[in-house]
Amino acid sequence: MLRQSSATLTIRASRPGLHEFTAEVREFVGSGGVSEGLLTLFCRHTSASLLIQENAAPAARRDLETYFARVAPEGGPYEHDDEGPDDMPAHLRSALTATQLSIPLQGGRLALGTWQGIFLFEHRKGTPERSIAVHLIGE
Amino acid sequence: MLRQSSATLTIRASRPGLHEFTAEVREFVGSGGVSEGLLTLFCRHTSASLLIQENAAPAARRDLETYFARVAPEGGPYEHDDEGPDDMPAHLRSALTATQLSIPLQGGRLALGTWQGIFLFEHRKGTPERSIAVHLIGE
Amino acid sequence: MLRQSSATLTIRASRPGLHEFTAEVREFVGSGGVSEGLLTLFCRHTSASLLIQENAAPAARRDLETYFARVAPEGGPYEHDDEGPDDMPAHLRSALTATQLSIPLQGGRLALGTWQGIFLFEHRKGTPERSIAVHLIGE
């Protein structure tokens, strides 16, 4: 019998960069009583985003952060800087990555590959937590 | 009781750039009789794309348009230019942003953050409207 | 009556670049007995990704490959190169494109536009096949 559930996860992001929250997602999935289905994560912000990436190598995370800091740099010049120099680069880095991710659930487990983790990509300073809407459908 | 519905939205995009269509999506959601679920939008084109972005500041929209015009410029050089100089940049800008977005529906409302709007990102000139496939599942 | 099914597709990618697998996805959809619903594809790797793109023009594919090779080049410099010079660029190109795609199913057909194909974007050398988790829900 198909059913669904939803929630809002609050993820702490004490500094800009990649913050893994695979464990929080697994905890939500584990509580849902669903073993086959589809999980969706939606970042409720335009200055933070989602990324599935390598969860083993901290150097890969640092290279990702460096790369996006370079291709969408502070000091653009940008017309929009209402909230400071990290405002517009945050929107650009969000646009280049993902606001939403859906992951199949198979045999009670997220269908993540061996080295895949789920990350919040925080693009701003001084935003201590972020809100991720979560939806699960399955049986 | 779970149910689903689908439709095709036609979005007018009289000029290249970002066109908000959050209101059209809300209208479809409002007619579906579903208050908890998952909404999916799919852009049926390879030279236009979807973006969740800041809906309050026109300057942020202009900066986004300027940025993608710079990182995937006309006059590449590109091998593919069957339909003119804005042909290949349109494919690149689509590849860098999103073809599809799914948004949870909670308490009868899309789980968008306060400042989030849903945009069609038109990358070509002379394409007066675009077709977005919409799917809603929930209860 | 809503129902769901899932599978894992194995896609051969003998060389880096774009590999269309629309036919394999259609075959899975055709076997599911579902004509209205939502199909989700999830790439179980951090060095390959998914892309909906032009399926008619090989030149557009070559331009896409050239573009991503240029914006996320080998020889960065990168801190992370455990698996060689194509390791970190593969993660960056994955981050810039899509790990997951959902496509509505309408009237028994994927809601793809006329020129849209589904591609695996292989970013590494020497990875002969890739694993794509697939989920279908509908009726």
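Chains: A, B and C, in written order; residue numbering restarts at 1 for each.
As a convention for this text, a contact is a pair of C-beta atoms (placed from the backbone, for glycine too) under 8 Å apart; a residue touches a chain by one contact, two chains touch by 3 or more.
Treat the numbers as computed from the prediction; the structure is a model and nothing was measured.
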| item | value |
| --- | --- |
| Equivalent interface positions on chain A and chain C, same or different at half | different |
| Superposition of chain B upon chain C: rotation angle, C-alpha, nearest 5 degrees | 120 |
| Distance from chain C to chain A - Cα centre to Cα centre, in angstrom | 20 |
| Two or more partner chains touched - positions in chain A | 2, 71, 96, 98, 102, 137 |
| Chain C-touching residues of chain A, taken from the complex the two chains share | 2, 36-38, 51-54, 57, 59-60, 62-64, 67-68, 71, 96-98, 101-104, 106, 111-113, 115-116, 137-139 |
| Interface residues, chain B side, partner chain C - complex | 2-4, 6, 8, 40, 42, 44-46, 71-72, 76, 78-80, 82, 88, 91-92, 94-96, 98-100, 102, 131, 133-135, 137 |
